[in-house]
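Read through the structures below before going on.
You will see chain A twice below: alongside chain B first, and alongside chain C after that.
Here is the complex of A and B:
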């Protein structure tokens, strides 16, 4: 098991490196002079030349990338071109909000989506199934900004129950979390339903039924346990994706999160800020995937046994040597 | 071993089931609590009725009978910095004018008023400006304000790439004594006082700047002398200011100010409608939704920001004034206004490239009317009877993209086939400066309404904002003369000539001045400034 974890942790390194190279390269391809970003559009050519020299913007791509990565590996991610603030401090300040939105969003989405999806599968073609499948399809088709605006119009403007924007109290969280939750719940529901449908058609389910097990036992003990594996993966991927992809919700509700930070930085071509945000996000994404895989191993004894057997074998081998 | 594993696994399974049921019951409790809370809030709203808009904040609804002293202001953009000398963006000006004061001050009707300087003398050759400073001003950090601070701040601004427009003509400054400063210019400038009143030349305290070091831009504690002190800035969220009780004109009536950063106009509009914020700049598109709201007052004023259709005057066929005039004749300015910013709601036609009311404005010039025949005739004279193909470059904003499409349609009517290329603002600026464009859509904003600020910076050869790269020695000489002229009547006459010349030459076609539209709480005394600023000192809650 430790080997498995170690292997996965080591995988993070090439992934993050690859992501940084890709993003740095894309930022290099997009037009726009970083010196002008720093100096503003009133800057003279002399000022621009001086900044180009000072920051090394006129050096070749590889040289700039290597020097950036050398600094970054030493924990020095630099300062924003736009506002001069240390970029990693900004990222760490914005992350908790995005994390909590994504977490609560996925948490509630799972609580709604998984049970409803399973019920839909068990009662396939029933009224319940049709209603939940159609609702889920509608909700996954609805764009987040639209849903967010509708929530604001309804709950903030018409009913005046909840605040429309900003983050001050827990009440400010309700609408953004709901906006994240519903489309996610819809896709989790659809996925849970199809996975469950596949599972209950398996031979071992028929066997379980044949041996006279109660229907609830068949579903919740035999089928759910197996259906849960892909569902966990999907939930994990959604959670990771939300950390970077929640930007629309953040911008509709005017929340200072990671997505807003990254998008503003991209618009301003604030390379250090973009890089810090992307490095951090890809790192966290890898960690989440690692946790998902560990959960997978926890739920699926087959995976665990592969590594346990290996360990046993290797310990046998060690013993033989002595 | 294997058997043990299975038992272990079943135990785990039971455990996870227990955990799940625990979670579910917690969820149930939470949801019950939530529904209880929300229905409570609902009752509060219905009992309070529509007059009490601040139900979100129980403290405020309790104090609704008393006069409020706090203010929540929606800021449509996050400032890059709050260092006035190194500031280039509008959002920064909106906040900074409240923290820092300058030697003089430009009112909303474009008059120069004394601020930190009580009075001033201008030497006969109009190169030396001697300011006599107030002796009763302290900075927010308790330091006493003297001429040394003016010298420090002005020298700081001279280093700044943003402030070049106001500092390039400054030669030196000398603190004659503690309360007298003498500023020497390179050449006389009739609009010099407007420069001294600009946001770039607001006074900061050296000790405060040095104590903050690199953090000064985003944590400018104690550096200003203005009516409000900086308290804190949470990026993406808010900037908090508090009243300066020792302000030399007297303590402001608003005590606590929160600038809430809401970059989306729709969200800002809803925030002001629900009372989350008291004042919000709203887009012309949101005007309709708030017009009938009895709790809000809508204010609209023609701003100092204008949009124009620029030509790369170094490149054929746009180097030919006849081609530029032909294009001007092909565009109906009222339709353009309608298409771009919803007509009079969003702004006013720009006849010449400076605002009405500014010194030097020429009221005799009229808009180019739409006249296809005339346009075709001009193209024929210029040798382009068959038309030509070209590209219209526009930044990503909706207003400019819509304008580009309308202009494309107008050009087609006179035989010019135009493509539209949408670019990021920064990238487009780079291309413009390199001379890589043909027709482009840009805008300009000045901190003073004086003709010099609009015409010199935009049309004199080699100026930073001369994006059309227009160069005309005759115009340059006139602009220099007008800038240096001491006699107001002669200066006015010069600008009348200059504006006529520009109207014929058309390095760019001014399209419209945008309106600043604000929605605010009806209990608030507030006037929108045509400048990009918000002077909170003038805002009061009505009783």
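Here is the complex of A and C:
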């Protein structure tokens, strides 16, 4: 078990390095002179040369990347081209809002999606099943930002129950969280349903029924326990993915989160700020995936046993896990 | 009686087609998609393009009427015309991103799946890296570098879809590789190229088509989202995301401006999703539910 944990934790390092290299490479292709971005159009050639020297813009790509990473590992992600402030400070200031939106969104989506999906599978082909499947299908085709607009239109402008934007009180969070929750709940519902349907058809469920176990025991003890594992993974993946997707929802409700930060930075061509935002979110995504994988290994005795019983390295097991 | 006549033989495609026709929902969505595609292709025969972009301030923010079916926007442009021409852009982006992502990930995924070993490892680790950057952020990064235009949006969304596609194609190929008929072809001395082209691709095409259909829906929503936050195509291009973004300022006075383009997106995306579902059930009835 320890070996698995260690191996999985170590795997994060090359992936994070890969992500930073990729983002650095893409951003490096941005046309325009970064020194001009910092100094403005009126800069003299001397000033440009000085800034190039100071920031190392005239060095080869690999050298610049290595020095960026060396600084980044010490927590220094550079300064904004626009306001000269350290970019990570901005990111850390905006991140809690985005994280809490994503967290509550996934939390409520799981509360709604998992039980409904499981009920749907247990009562396959019933009216309940059809209604939830159709609703989930419909919601999966709705862009989150449009759902947000419809919520504003309905609950803020027409019924005047809730405020349309801002973050002053808890009431301000209801619409954004609902906007994040419903599409997520739809996809969790669909996934829970199909996983549960698959599990119900397994041999061990037939065995449980054959030995005379009550239907509720079969469903909630034998089937649910096994079906929950892949569902947990999917919820984790969604939580990570949401950190990106929320950027759009934030813009509907004019919330000052990572989305606003990234969009403004892209408009201003503030390269260090864009990189810090994207690298940070991707890093958090990797961490969430790590936690999900470790949780999975901890809960699933099949994975645990591979590493605790068989000490030798089995290529089959490795393939399955990564 | 000759044996041949005792068994009614059907080609695989005929079976698939028959099963597909039985699925009412998929059939309806196929019909809706046909209407959408035809109206996009022949948009200029229905409404002149001029109506979608020329401003007419006198008639601004008119609610839907016989003259303007979907009303007019804040510049007096006909919303129906803008929706119609928006269909062109959305379909173009949906199809091009999917085709591009399919081409690249098809190559990478099949090489990884078929050859396995070190090549597989390298390709899949690269895909892991791509996968760790949330799709919309990756697309935003690419747009930030390339600038805003339809082509760049296609590239941006296409790149963000490669990793997911590649994984699916790899797993399809891996499954097929273990099949007896591939073993048989190998033992007959067929070369890799021949096995891939004549045995693997025809068998892998089903799940890939299904994935493509669903992917178009994702691309259309992604494109609208990018335009909505102002990083997609630029105004005054008639695009659904831009229309919604502009409608934000007029939600109180002209709610139809923020509902109609959204409905257009939902109907199109839903049709592609349902078509994909229908195709999957028709291609492999075992997969149903």
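Please note the rule applied: the second predicted complex is superposed on the first by the 288 of 322 C-alpha atoms of A that agree within 3 Å, B and C clash if a C-alpha of one lies under 4 Å from a C-alpha of the other, contacts with A are read in each partner's own complex, and residues count from 1 in each chain.
The working rule: contacts are C-beta pairs under 8 Å (C-beta built on N, C-alpha and C of every residue); 3 or more make two chains touch, one makes a residue touch a chain.
Only a predicted model underlies this, so the values are computations on that prediction, with no experimental measurement involved.
A.B. asks: Sticking to the clash and touch definitions up top, decide whether chain B and chain C on chain A clash or fit.
C.D. replies: Chain B/chain C on chain A - steric clash.
A.B. asks: Considering only touches as defined above, state whether A:256 meets chain B (first), chain C (second), both or neither.
C.D. replies: A:256: touches chain B, not chain C.
A.B. asks: Just chain B (first), just chain C (second), both, or neither: which does A:157 touch?
C.D. replies: Both: A:157 reaches chain B and chain C.
A.B. asks: When the two structures are overlaid on chain A, which partner does A:269 contact: first (chain B), second (chain C), both, or neither?
C.D. replies: A:269: touches chain B and chain C.
A.B. asks: Using the superposition on chain A described above, determine whether A:85 touches chain B (first), chain C (second), both, or neither.
C.D. replies: first
A.B. asks: Where does A:149 make contact in the superposed view: on chain B (first), on chain C (second), on both, or on neither?
C.D. replies: In the superposed model, A:149 contacts both chain B and chain C.
A.B. asks: Taking the superposition as given, does A:93 touch the first partner, chain B, the second, chain C, both, or neither?
C.D. replies: The answer is first: A:93 touches chain B but not chain C.
A.B. asks: Figure out whether A:282 sits in contact with chain B (first) or chain C (second), or with both, or with neither.
C.D. replies: The second partner, chain C, only.
A.B. asks: If you stack the two complexes on chain A, which partner ends up touching A:101: first (chain B), second (chain C), both, or neither?
C.D. replies: neither
A.B. asks: Could you list which residues of chain A make contact with chain B in one structure and with chain C in the other?
C.D. replies: Dual-contact residues (chain A): 30-31, 149, 152-153, 157, 251-252, 267, 269.
A.B. asks: Under the stated contact criterion, what part of chain A meets chain C in this complex?
C.D. replies: 14-16, 18-19, 22-23, 26-27, 29-31, 124, 137-138, 140-146, 149-150, 152-153, 157, 194, 197, 240-241, 243-245, 247-248, 251-252, 259, 262-263, 266-267, 269, 274, 278, 281-282, 285-286, 289
A.B. asks: Can you list the chain B residues touching chain A in their complex?
C.D. replies: 5-6, 9, 12-13, 23-24, 27, 34, 37-38, 41-42, 45, 55-56, 78, 80-81, 88-89, 161-165, 214, 217-218, 234-238, 260-264, 266-268, 270-271, 273-274, 276, 423-424, 426-427, 429-431, 464-465
A.B. asks: Provide the residue numbers of chain C that touch chain A in the complex, in ascending order.
C.D. replies: Chain C residues touching chain A: 125-126, 128-130, 132-137, 140-147, 217, 221, 224-225, 228-231, 244, 247-248, 251-252, 255, 258-259, 262, 265-266, 269-270, 273-274, 289.
A.B. asks: Note which residues of chain A are touching chain B in the complex, please.
C.D. replies: Chain A residues touching chain B: 30-33, 36-37, 39-44, 47, 79, 82-85, 90, 93-94, 111, 149, 152-153, 156-157, 159-167, 171, 174, 225, 251-257, 260-261, 264, 267-269, 298, 301, 305.
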